[in-house]
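Pasting the structures in now, so scroll down.
Next come two complexes built around chain A: one with chain B, the other with chain C.
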Partner chain A sequence: MAEPATKGPAYTTILVRIAELRAWLFLIVLIVFFETWARLAYDVSFVLNTYNLQSISVFATAPLLLALGQTFVIISAGIDLSLGFVMGLASVIAAHTANYVQAVLGLPPFLSMMCGILAGIAITFFPGLVNGWLIAYLRVPPFIGTLGMYGVARGSAYLFAGGMTISINNDWYSAIGNDRFFGVPLLVILTAIACIIMHYYLSQTRFGQHTYAMGASQAAARRAGINVKNLTMKIYLLSALMAGVAGALYTGRFTAGAPQAGEPLLLDSIAAVVIGGASLFGGSGNIWGTIAGSLVIAVIQYGLVFINVEPFWQFIAVGAVIIISVLVDQTQRRFLGGRQVE
Partner chain B sequence: MSELAPILVVRNVSKHFGGVQALNKVSLDVFPGEVVALAGDNGAGKSTLIKAISGVFQADEGDIVLDGRQVAFVSPQEARDSGIETIYQDLALADNLSIGANIFLGREPIRRLFGFLPVLDRAKMAEAARTTMEMLDFHVTRLDAPVAAFSGGQRQAVAIGRAIFWNARLVIMDEPTAALGVPEQLKVIALIHSLKAAGKGVIFISHNLRDIFEVADRVVVFRRGENAGERKPNETTSDEIVRMMVGK
Partner chain C sequence: MDRRSLMKIVGAASAAAGLGMLPGKASAAEKVTIALVPGLTADGFYVTMHRGAEAAAKAVGADLVYQGASEWNVSLQVPVLEAVIARRPAAILIAPTDKTQLVQPLKKANDAGIPIVCVDTFIGNGIFQTGSGEADFPISYVASDNVLGGRMAARALAKALDGKGKVYVSNTKPNVSTTDQREEGFKAEMKNFSGIQVLETQFNDDDANKAAAQVQAVIGRVPDLAGVFGANLFSAGGTANGVKQAGKAGKIKLAGFDAPESIVAQLKDGTFELTIAQHPAEIGYFGFMAAYAQVTGNPVPTAIGTGFTVMTAANIDDPKVARYLYKSS
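So, the complex of A and B:
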């Protein structure tokens, strides 16, 4: 009965490890590239520059917050296309609520801000629960269900905003979006806390474990007694809530609520998760990868501006990284001899 | 075996889907340490019966008695909690998780980090994986590897290991050898013998009559949702079983 414990020689394990870390390798390559370019062309440092680090990290916060929720969704073999406009909706509701509470109810700025943030996050229960319900109970494919919600959230956000952006005049709220704590932007600190909490949920709880199981095989999860419908609801709710957090913080950063706040960020969020090592077929991915994926996108976008290249190159660069990442993922699967497409 | 009480008694169970009578007053007993093979053509009602037993759906009529207690499971989870483990043809494993995580899937152990933060107890899962797999004579070196990295027979052993670890009274196996090569099939047959030796009741569904004769203590034949008779393997031939299956 002596059989080898696993298929394939040991070097495949090393290749798999490298493939898992590809987002961090991309990040290092990009930083080396921009550093070299900046030194040669302008004789300045790209990395050893506090302003650059602050800008890149702030730049990465909004897509990363969306990508955190998207990570759970993609691991469960779903996709959430509504996140961008759910974020916009949250941003508009947060701005309106903060203004209303301050001007009409006369509460102090800090409480007004808190009411705005909570209202912005609370409104996302609606799209989150509806997405989950459509997908879990009515068996609508995630792509279609959340595409519908994309339209509903988009229209609602513009209607609530009256087609404009909603300015706020609240020092507390703008401080959340723009102040620094010992040089670290508050947005970055808040996003880092969100990352730690999401990492905990994904890697250390039954909820996270069941999300992985469901992504690998929904039938296996169901037969193991996991309430797959309930789990699906929770995953899409979590994803919407993270978009709510991103929207509420956006309002602070730009001192305005905007329906289109998250419009360009949806694809970035999916790209970050995929670059971070998740498979769109479900079952794999993790928060560390998603963080690296978000940083890769932020470094490309900021770095190209920094070295004074036409900004349109960023789309090509991000696109190329996504494609390379997916190719690495498929190669890795072939090495592992695991399932391809099921 | 007559002095032992049966683990499972199925009496006159019927089930229909719309106008289709999938099961018509079917009966079945399983005793401790006994392997009962269900034989029958496609659509004979074998899968319907095991789904009724394992709580996937409820029978329309009839009684299912487990350890002397009448049961009506409303979910597979409830059936598992009562000691009925079902092992499916396609294994029902999460390929991306470790052996331990699969054994504990749906009932993961939790420990408290720093005395308050609940986290998955991976050490406990790995330890359970190691001891259970050793019991089945699989010596696994990489307990953190996803089960996708293992062979078909090893994966079948993980599914069986789950049943053993949770101390199932009754193990239902639906075509456990269907997707396997011959050496792996032999391995599964050996695993079934070890379940039998451990005093479990086993219901075994297979199209492979050689496997049935190899492992079963009794063969119960279904035809068109009804009992078509039962035989002991040493008192019958595969020709007779086939004749019972097709009704000639």
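So, the complex of A and C:
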């Protein structure tokens, strides 16, 4: 499946390689732009600045964790709209569990934190499996099925939280979300590990290759002997689990579980996957692209504040970048005659 | 603060008006049912308001129906309102999600003989029973003055900064009446402090992650940033995290708005210098009493203002201050 690039004429091969790096090139263009502006206007460096790098990388972790699972879903020609509130649900459950285990069962803070994180991630099995079941077995379109789960997860999160945010008082848990290891925020290290694992799954395993196959043509994948139903279940479960990780980490970072923690991140996560080169029609995309996509969004939003652009222009700029990125993608696809980048 | 005690008297008067009717009403065959429609249900502020209204309902032996939409949105609130009207409550307390779009739906209820009390937010210009305009029909407006809340935040923050330094407002979304008013009040009051410079407002879409990144970016550009006013819960919480990540905790003074229980620890450990607590339970209580007074034929003030409390590490252990924390139970 990953063959087409090597079979075409040489210039197409090069173009495909460039297209693959499109999101990274775009990221570099943005960084150069902000660097120039920051130097001219404020005489400071934008990128050669540990502080900015730390800030931007932490900023990118939350949408990126959601986007990792979403990458699998989008490659399989689906979409998962429930992720934002699945993340919120996980965040609330993690906070409640950590509090309960520490206060009622009297376990030490470190164990309470571990219980909280595991419970937060475990609760996402429910929305993940239900999403997969609806889509694989009951043939509910992903858009509708996960939109329904968006409501269910949202309501459950608010019910568990009683409409409030659930604060935690656990130094270990707070450290996971806020401490640094040799200058690198722990959140960034954990997210990087998640990226490597997801990249491995997508590019090196049968599961990943089947995901591409199913996204390109579900019928063909089924005829080729792939258990499409089982695969769909796994993909939506994986996506929910990643949202669970994002939610559990959110609780540590903001020392509180919030039902609406992931709501504003959902669209950013989809945008990150698309900017990263995945097609909403399925069959293409990769984890490196998604990482670049998340960084693009983080750099724009951080950079515009850094160079002091008026707030309303920030909305326009972010929207414009998403449109430009997709336009570039479309043009490139037409130019390469439907050759897909994997 | 002195304003608050004045409001207490006004409130107590309206409460007494309601209570005065109790004996006559208790013997009546039918219980009075009053509905409360919040701006959204999933919010500590309205949860606490609900609790206040419930206390009032219990005090006079009336029933309270609480129904709202999950999001701050006109097209979600109106169907809920219509369903509530269909049940024919004796009166409706509502936090309208839009100044103009809610006028007609509420007028329908009013024409059907259901009196309306606006709580927290308002329709028209918020001045009722004047006999002029399309939107003066609600009998009363019960709320805290958000411009004043913003001013109080500015005064308290300026004091903490000894009247000098650069500050900015971290706000949720543009064009939300209450948060806009807080920002307006904050900026207006800061004009009285010549040493304070107010920088561009940053909008975070109620995303704590974004609010955190924004304050880090501002610190990157303005290393001598002295303070931030977080105009609502997520703005304040996200900003606090960004300041911590930037290693500036305690050096940059934060003023928050609203008072969930988690604020206690954050005031004590210096994350927040202060927070402005509204009194949502008071709004619910006196809103209910205003409606009850109207239903039972008693006079009602057309506006009831509830107050604010400035919470700091120094006063948060005082039960008189701590009782204004937002609690779900």
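Worth a mention:
Following the convention adopted for this analysis, the second predicted complex is superposed on the first by the 323 of 342 C-alpha atoms of A that agree within 3 Å, B and C clash if a C-alpha of one lies under 4 Å from a C-alpha of the other, contacts with A are read in each partner's own complex, and residues count from 1 in each chain.
Heads up, the rule we're going with is that a residue touches a chain if its C-beta (ideal position, glycine included) is under 8 Å from a C-beta of that chain, and two chains touch if they have at least 3 such contacts.
Computed from a prediction, not measured in an experiment: that's the story for all the values here.
When both complexes are overlaid on chain A, the residue A:Ile56 reaches chain C alone and has no touch with chain B.
Looking at the shared chain after the overlay, A:Ser284 reaches chain B, while chain C stays out of its contact range. Of the two partner chains, chain B is the only one that A:Thr205 touches; chain C does not reach it. By the touch criterion defined above, A:Ser217 lies against chain B but remains apart from chain C after alignment on the C-alpha atoms of chain A. Touched residues of chain A were counted for both chain B and chain C, and C has more of them. Applying the stated contact rule after C-alpha superposition, one finds that A:Val305 touches chain C and leaves chain B untouched. Residues 42, 44, 49, 51-52, 54-56, 58-59, 62-63, 154-155, 158, 162-165, 167, 169, 178, 185, 253-256, 258-261, 263-265, 298, 301-303, 305-308, 310-312, 314 of chain A are the ones touching chain C in the complex. For chain A in complex with chain B, the touching residues are 1-3, 5-8, 200, 203-206, 209-210, 212-213, 215-217, 219-226, 283-284, 336-339. Residues of chain C touching chain A in their complex: 41-44, 46-47, 70, 174, 200-203, 205-210, 212-214, 216-221, 233-234, 237-238, 241-242, 244-246, 260-262, 265, 326, 328-329. Of all the residues in chain B, the ones that touch chain A in their complex are 75-77, 80, 86, 88, 90-97, 101, 105-108, 110, 117-120, 137-142, 145-146, 148-151, 153-154, 187.
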